[in-house]
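The structure appears right after this line, and notes come after that.
When the chains are written out, they are named A, B, C and D in that same order, and each has its own residue count from 1.
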Amino acid sequence: MTVKFNNRDPVYVQVIRHFKEKIAKGYFEPGQEIPSRRELANQLKINPNTAQRAYKEMGEQGLIFTEGNMPSCITKDEAVLKSVREELIIEAVDLFLGSIKSIDVPLSEVLELVKKKHDAESGEAEESK
Amino acid sequence: MKKYWKTILISLIIVTTIGSYYIQQAMASKKDVSFKIETTNGDKGEIDNLILQASYQNGGNIHHWLQISKDGSTNQISRTFFRDLVEAHEPLMFQKYIQEYRNFMRGKVLNPGQYFEDEDRLIYTTFQSNGRNKGLGNLFTLQIDTLDKKTNDSSSFEINMPDQVRYDWINERDIYIENGKIKILATSYLNGEEELHIYTVDENKKELEHDLILAKLESEERAQTSINILNDYNKVQNENYILYMVEKYKYLDDGERETIPSKMYLYNYLNNEVKELTIPAELKPYMKYMILHGTDIFIPVHSAIGLELKRYNIEKNQWEEHLSFKYPSIANDEEAPFLQITDDKLYLVSRVSDGHFFFIGDVRTGESLYEGKIINENKENLNADYSLMIEQIYNNMN
Amino acid sequence: MKNFFKLLNFEVNRFFKLYLTLIGLIIVSQFIGAIVESKVYMDRTDQEMYKNQLSMSQYIERHGVFSFNYVFESEWFLLPIFFSIAMLMIYVFFIWYRDWFGKNTFIYRLLMLPTERITIYFAKLTTIMFLVLGLVTLQILLIPIEIQIVNSIIPTDFQSNFSFYHFSSFEIWGWMYPNTFTEFILIYGVGLIFVAVLFTAILIERSYGLKGILFAIVYGMVSFGVFFAPILLNELSSGYFYSLEVFLMLLVMSFIVLGSAIWIANHLLKYKIRV
Amino acid sequence: MIEVKNVMKKYGRKQVLKGLSFTAEKGEITCLIGINGVGKTTIMKAIMALTPINSGEILIDGEKIRKESFEKVTFIPDTITMLPQMKICDAFTFMADFYKNWDPLRAEELLQFFKLDPTERIANLSKGNMAKVNMILGLALNVDYLLMDEPFSGIDIFSREQIAEVFTSHLIEDRGVIITTHEISDIEHLIDRAVIIDNGEVLKEFSVEEVREKEGKSVVDVMREVYRR
């Protein structure tokens, strides 16, 4: 996996976000093993210390857990996983709302469009399969 | 280890080679040229205290110095570096001085002509030039150092030579000291001119009292004239007379020089008189071999049957009948025979076919005291045409 | 100590190729010399004998037998030696400057070795002496061979016997192969001091750049002065001291000069050296 | 910890370091940033006692540099420090000869990682490969501190990436690294601390993550600020 980082947000924050997305998308099953922080650093071409920091944070947020000196795993706690998903969705929606506020259109109309677009894309997606 | 083989190998080679080279050197010098004296006749005791300071040439022109005594010879090739450092190569008399009067001898020129010794004093005199202004000659100061042999304390004083005493250099030949008067025999050179002087110094007044010119050579005549002093060069004790000749010679076409009739003079320290010696015609050819000894003048004449010593007595100023020493002919032209007369003894060393003939005779009675041979012990180290030169024979006793 | 030997070995290996060529040069040139010179001599002899109808003995009467000086004083023999000396002199400087100005600045590595830096100095110093003594040894080994070569060409009647202690009667040999081991040690000791002073001078230059050149020269002259002070002193005092005393003074001075050279070098390498 | 305490240095008349100070922690990558000729390299040489300083002091874990220190801190200059005629393996034997803590296995590993042939003569190496070998000479030593002078300058992009990768690997982990660069962007994410230097002085010394977190600025942003001042 590779990630394009921006230089302004702390790298460890970006790493955590990256993990959340993966979880939300379901690439990571609950309880799945994740790469050691060294592997991670190597894969993402980041400083091991940063990877360490990211894992620490995620540990505190309960996203991952480590038993003894076993490799860390994604949490099995449904609640947390669910919250991650919601968090991302809400984030996205907030962003969306924020941008359409500027051009005040009635919500119904917008939703129409959204629905249409979404179906079309997913349709293409179907075909492409 | 094995990646160091080069270095190790080379070091081994270096050490072994250089090591063995010097071991070989040591060996070589062990079985080095060495001479010994073989008594053929007379009293062995004669050579007990003798030391012959000599040098030999073995082809080439390097002089190897060595000393020969009854116990054989010191070989000089094996001389260690340090033996050189302790003036081992200097004439024995000076080695003795340096041992006994180390401090007094510091920085002194080792030229017997500048020394005087009697039982209680050793005196050294030297002319020091004030620098070199060629042509006009240098001004000189005469320095006189005196060592009291008993108390071993030394004193010194200087005399500035008067202005007319200007020379390029002054070469001292002999010192004579009699009741407070120091007489210095010296040859002085200026622009090719040569003069023989007697400088008389008053020890107590510390001043130059008298400057006598015995002989003078103009620059042009020096080409075929020279002043020879026939006294024993190494004698530092008083001798009442100075025997010198103004030798005239001409060069033969083969480059050899031939003495032509020349004048012989005798100077008397006691009364500052110079008188010319008249030499019988038949002796003239030998005059330049004359030897002054005490009140006698000897003229050696080598002959088939040995050596004839013509004798002239100065006091009686007359010729007395000669002494003759008989021994097998030693006529030999490669090496002129060495002759020395000290303490009424005649020492003669002359080349013979199988070595060198060594003879000691009594010059009062004319009898032979000792006959022997100086031979090279190990022939293989010496070319057949080696030559041995005796510089001086010392008697350890005095 | 271990590191010293490693470095020594390393430095030796660095020069080794050049060293071999040098040795080869000497051997070839001197052997040719031995052959050529003896041939020339024989031709001359034959002509001479033929021209004036001389028998061997008569000829030897007049001209003497073959002398090894013909060989040992010929260019064939001497030039390669002088060349080698020159090479080694140059290498005294090269052995340092190559590490700075070489294609890769190796001095970085040397100075970063976990060992006292003065060890590098000692290693290089020993290397030079090592190379010198190597050639000295080579010459000792070659002489007998060359004598063999000559004697194989010159008929026995013309041969003169040659032993090693006559060897030291030629001037340069007198210096390169003194008569006694003591003198050998002393002479090459002086050589060592000379190289040490040069090394230190080089390090001064390396440490202070352009200014350094000036310092280096001054330092060199001072060392030289100190070293020869006793002799000078003795000259001025018109031989006041006996040779033994002068020698001892020289000995002391040499130790002072060598000691200070090493001390300065050590200080520079520790605190002042620049890469 | 390597402490550089107000070090001053002159070259002739030119003052290259004007009382410069910073510290580099073990286990962190500290980057000396600054345009060429501000004395970055000089500092590194000064730390290694490869050039004298006029005043100030430099301590490695609290001590001045000693011969033992060279088993603890090493310097990778921007040129290779082995003889051209040497083979790579020769160079390694040399290192093994003199350094107690040379790790031949790691050297091997790195050779394979960089895909280098140990029998290659150093003279014949490409610039990139030479830089890599040079890296190995430093990295295969079990030292606590690594000083690297412009490891990325003037070499091809792939070599850069390979070398960059090394920084994220166990080879660097737990060691203190000081690295100089005049081109930060390649390694912006690799470093922990940045020390911005301009004509012989430290303009700013900071932890990059902190700055991103608190001020939301990239290293380049910070550089812009400090230079503008």
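Simple rule for what comes next: contacts are C-beta pairs under 8 Å (C-beta built on N, C-alpha and C of every residue); 3 or more make two chains touch, one makes a residue touch a chain.
Just so it is clear, the model here is predicted, and its values are computed rather than measured.
Path length between chain B and chain D in the chain contact graph, taken as the least number of steps between touching chains: 2.
Of all chains shown, C has the CA centroid lying nearest to the centroid of every protein CA atom.
Note: the chain lying farthest from chain A is B, by mean C-alpha position. If you average the Cα atoms of chain C and of chain D, the two centres end up 45 Å apart.
Note: centroid distance chain A to chain D, computed from Cα atoms, is 36 Å. If you average the CA atoms of chain A and of chain B, the two centres end up 117 Å from each other. Rounded to whole angstrom units, the spacing between the C-alpha centres of chain A and chain C is 79. Multi-chain contact residues, meaning those touching two or more other chains, do not occur anywhere in chain C. Within chain D, contacts with two or more other chains are made by no residue at all. The set of chain A residues touching two or more other chains is empty. Taken chain by chain, the contacts run in an open path, each chain touching the next and the two ends left apart.
Pairwise, the chains that touch each other are A-D, B-C, C-D. On the side of chain D, the complex with chain A involves touching residues 27-29, 164-165, 167-170, 172-173, 188-192, 209, 212-213, 216-221. Chain contact summary for the complex, chain D toward chain C: residues 12, 45, 48-52, 67-71, 74-75, 77, 79-84, 94, 97-100, 122-123. Of all residues in chain A, those touching chain D in their complex are 5-13, 38, 41-42, 44-50, 53.
Against chain C, in their complex, chain B makes its touches with residues 3-4, 6-7, 10-11, 13-14, 17-18, 21-22, 24-25, 28-29, 60, 62, 77, 80-82, 84-87, 98, 102, 106-107. Taken in their complex, chain C has these residues touching chain B: 5, 8-9, 12-13, 16, 130, 133-134, 136-137, 140-141, 163-166, 169, 177-184, 186, 237-244, 247.
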